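Presented sequentially are two complexes of chain A, the first with chain B as partner and the second with chain C.
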Partner chain A sequence: MKFPGIYEELFYKALRIRLVEERIIELYPSDKIQSPVHLSIGQEAVAVGACQSLKQTDLLFCSYRSHAFYLAKGGHLREMFAELYGKATGCGHGKAGSMHLAAPEVGLMGSSAVVASTIPHAVGAALAAERLKKPQVIVAVFGDGATEEGAYHESLNFAALHKLPIVLLCENNGLAVHSKLEARQAYRITDQAKSYGLPVAYLADGHDVVKVHEVFSGIVGEVRRSRCPHFVEIRTCRYKEHVGPDEDSHAGYRSVEELQAWKSKDPLILNQELVAQYRPVILQEIDDAVEFAERSPWPERSELLSDVV
Partner chain B sequence: MALIQARAATDPTLETEVVTYREALFRAMRDALARDPRVIIFGQGVDDHKGTFGSTLGLAQEFGAARVFDTPLAEEGMTGIAIGAALNGLYPIQTHIRSDFVLLAMNQIVNLAAKYKYMFGGRFEVPMLIRMVIGRSWGQGAQHSQSFQSLFAHVPGLTVIMPASAQSILECYPYVIGRHRGPVLAIEHRLMYDLKFRMDEVAEKANGSPLTSRKVRAGNDVTIVATSIMVLEAQRAAEHLARVGGIQCEIIDLNCVSHPDRSLIVESVGRTGKLLVADTSWQAYGVCAEICRIVCEHSPSALKAPVVTLGMQPAPCPTAKSLEDRYYPNLRDLTDAVATLVTGTDHHGIPLPDEHSMADVYKRFKGPF
Partner chain C sequence: MARLSMVDAINTTLHELMAKDDRIVIMGEDVGVDGGVFRATVGLLDKFGPDRVIDTPLAESGIVGAAIGMAVYGMRPIAEIQFEGFMFKAFDQVYSHASRLRRRSQGLYGVPLVIRAPYGAGVRALEHHSDAPEALFCHLPGMKVVIPSTPAEAKGLLTASVEDPDPVVFLEPKRLYRLFKEEVPEGEYRIPLGEARMVKEGKDITLVTYGGMVSVCERAAQHVAGEGVDAEIVDLRTVWPFDIAAITKSVTKTGRLIIVHEAPRSFGVGAEIAALVAERCLLSLLAPIKRVTGFDVVPPLARLEEYNYPDSDRVVRAIHDTMQF
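Up next, the complex of A and B:
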């Protein structure tokens, strides 16, 4: 697809992710997607802006909230829907579900439902890139809550100590399930990262996909050149409940005003002209992917005990 | 037992009432806070609007944030903090919404909590309770579905309970919190939270501790030793077999996995000659293996047929429902296994219940058991 400029291209990619997740919400009551879903609606710009300057050979590791990164990194939409449907044609052959999407063919190296557990994998991949002289940039994606885990600190220390070619990307949506950041952290995430000697960037406008792209491409370029680790924190906002298809801003644990403030800046809501322009072609692609999932077979019985050892 | 009878004496409805698993957990938590000011409860989300699946709901408001509080995402550190708090006079209750996350705290649990008493010559005690929930169904997948009773029970110094009823919760938890002086791990099952249980079997135990196994059904044809939700499945299978096949199953709820009542098991197998073990986890090196060890060591000649075991398939849990339904033994498999064991042939001709997905059933079925 041809775009008049970078804004349109990034907008298109972010809108595609949003419409995919909105389709998931539509489908959810049918019980065809029998998997917990952690939606990225509101956070699409981070994934799209970050992945724009990555090559397919660059590797990315992320969490259970991985739909956006799976798509932004280039994972196939058909295989994603098939996976959500538990079909044999899914990217994990029906064994992954929403929480464990992966697409090694485009460098999405896995997503884990145990908070912070893939951060050390990214550091290890960066170690391999460094030792094997692969010209890759490795990216670790994690939430604000993940920075509280021991494995996170152990990983940052090692990455900084060994000067590994990695970008540590914290997607800060201010929440871990229903807990606000202030109730969990005595430190500031960037200050803390700085104390390991990491160069640190901070972006407050995680809704602005062009800005995310600019910041990130600068950092990726720097890591590619210097082969040294960088840290970036991007503020963003999760619109839906922690897990599941619904809104839960009425539940009282989060600020409704803050949520509204984010939405009032969201290009995917504001620029309805572009939405109207791109929506039909995206919906067509989504229809095709859902239909692919619908008509795909269930995994064979023998699949239950295959790939174990 | 003693505790429940004391409660029953002051609350005459208790023995006959119907209580959900969730309600029993909530009562146990609330009563613990009310009874002893040294009790604190912490864990991710204990004070939010979901309140650990309802089991801690509203307790932060009622007892204050100093006693019921949310934690950072720091499983190992928080378990160490619980140990320190216990060493200095608090009674900590730590919660985990999935047992899978407890693996991050394994170092503190195994290397520290389990050994603190012994390693210092008995000069310390770490009375504390770690609650964790086994997930199942709806695509919980490989990292939200595991059942680690045998990992914990393997380690001397830990007490591991798996309540299979509201009764067990209301007998064990107050005892653990109020009287037991060591670290206890309670493994709860998510699918049981909504189930209703009749509070009607108050069994006397000689030593007065509920931290042991319990016979939940008497019968002479086969002994079924089961854990957690498999106890309920065994009860359902037993009722079916009694009705359509005239088979009488004896069921032992292992309940305290780390300290099972060996003589109860050995006596039962001595009478029935047949043993089936049904566990919520993998069979290898687990509860199934351990129960076989107990029988083999105490009474190998009691067995008139090879032991049968049921558990999860030897693989990580798949998310696709079509695979997940095959991953766990269902009522049909269990009933067939019992009928085959009792009759000595798989051509037993006993009609089997046509039920393949336990998760579907538990979504609809709410008890009472």
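Up next, the complex of A and C:
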């Protein structure tokens, strides 16, 4: 597809992710989706802006909230829907679900439900790339909550000490399940990262997809050149409940105003003209992927025992 | 007596225990303001305040490690881990310290700590949210492992676990959290750890099981009753140290044994039971011991999860094989 400029291209990619997840919401009550889902709605611009300057050979490690990064990195939409449906044609053969999307062919090395657990894998991949003199950049994506785990601190120290070609990207939505960041952290994330000697960038508006892209592309270029680690924190907002397709304002852990403040800056809501322009072609692609998932077979019983050891 | 679901029975028990013993503190992710992702700790913060119901950072090793420190100091911490699959960040603390401090202090002090976690399959949420890792804890000298099978059992066993002077991993089968309600005794109610429950007496074959598999075995027993097979069902409830006397007594009577658990087969609880029965009452056996278990796989997504989780058909087939041997 041709775009008049970078804004339109990034907008299109972010809108595609949103519409995919909105389709998931529509489908969810039918029970066709066999997997719990942690939606990225509200956070799409972070994934899109970050992945824009990555090459296919650059590797990404992320968490269970991975739909946006899977799609932004180039994972196939059909295989994603098939995986959510638990079908044999899914990217995890219908065994892995939404929390474990992977597309190694485009550099999405896998995601995990265990908070912070893939950050050291990214560090190890960066170490390997460095030792084998591959020009890759490795990216670790994690939430604000993940920064409270020991594995995170071990990883930052390791990456900084060995000067590894890695970008550590914190998607800070201010929440871990229903707990606010202020109730969990005695430190400031960027200050803490600086204490390891990492160069740090902070972006207050995770909706500004062009800005995310510009900052990130500068950093990726720098890491590619210098082979040294960088840290980026981007503030963003998850619109839906922690896990599942619903709104959760009734749960009472955050105010409607907070959510509204983010929505009032959201280009995917504000720019209805572009939405109207791109929506039909994206919906077509989604229809095709859903149709593919629907007609795909269930995994055979014997699949249970495959790829085990 | 009130009719309660298992999760409500656990919540009520926590309320009652905390009211009685102010050394008890609850700590974990989202346990306070939120009331826990499965709602097991709802209302505790309002009742007992933030000094006793502690929302922690997202750091399991820190939660269990700090709970050990509190226990050694003389408190009675109950740590909640959000799902069984996230225990392993804290496994270092369990393995290296909780299970060993009594020994290391030459018996001067133990670690009166309970680690609660939702356990096993049943919410269609695959690996880390559907795992059955009990054997890993059973293997640690000094650890106790408890898995209740009904709401009333949960109350009695949780009480005994909290009162125990040593560390207990208390695993709550999430498929049972809201599956059914039953009468739960009011007031103090404890079930001593280490004692199995006779669920159903029978003379032909012994089914040893626990947790969510108890009702699966009950269905299988009902089915074979129609064919004239009288199965006995033993619910271990304390999975380790288990009630070997109850098992050998039953096997000596029936001469046949099937062990049923949802956890993977190899090196599982069933293997240890089979070994002990072979040591102690081999000559009573009329047929080889059988195990009906989960496969040696990572719990997969919903559709395949159904194949992995032992159902009453699989238990019935094993009963047929054993009876026809």
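In this section, the second predicted complex is superposed on the first by the 309 of 309 C-alpha atoms of A that agree within 3 Å, B and C clash if a C-alpha of one lies under 4 Å from a C-alpha of the other, contacts with A are read in each partner's own complex, and residues count from 1 in each chain.
Everything that follows uses one rule, which is that a contact is a pair of C-beta atoms (placed from the backbone, for glycine too) under 8 Å apart; a residue touches a chain by one contact, two chains touch by 3 or more.
The structure presented is a predicted model; accordingly, all values stated were derived computationally and were not measured.
Upon superposition of the two complexes on chain A, a steric clash is found between chain B and chain C.
When the shared chain is aligned, chain B and chain C each come close enough to touch A:E148.
With both structures placed on the common chain, the touch criterion links A:Q52 to neither chain B nor chain C. When the two complexes are overlaid on their common chain A, residue A:T89 makes contact with neither chain B nor chain C.
In the superposition on chain A, A:T118 makes contact with neither chain B nor chain C. Of the two partner chains, neither chain B nor chain C is touched by A:Q43. In the superposition on chain A, A:L305 makes contact with both chain B and chain C.
Residues 34-36, 86, 92, 94-97, 99-100, 112-115, 145-146, 148-150, 176-179, 183-185, 253, 298-299, 301, 303-305, 308 of chain A are contacted both by chain B in one complex and by chain C in the other.
Only residues 44-45, 48-50, 70-77, 100-101, 104, 138-144, 313-316, 318-323, 326-327 of chain B touch chain A when the two sit together in their complex.
The touching residues of chain A, when paired with chain B in their complex, are 34-36, 86-87, 90, 92, 94-100, 112-116, 145-146, 148-150, 176-179, 183-185, 251-253, 298-299, 301, 303-305, 308.
If you check the complex, the residues on chain C that touch chain A are 29-30, 33-34, 37, 55-62, 82, 85-86, 89, 124-129, 295-298, 300-304, 307-308.
Partner chain C is touched in their complex by these residues of chain A: 34-36, 86, 92, 94-97, 99-100, 112-115, 145-146, 148-151, 176-179, 183-185, 253, 298-299, 301, 303-305, 308.
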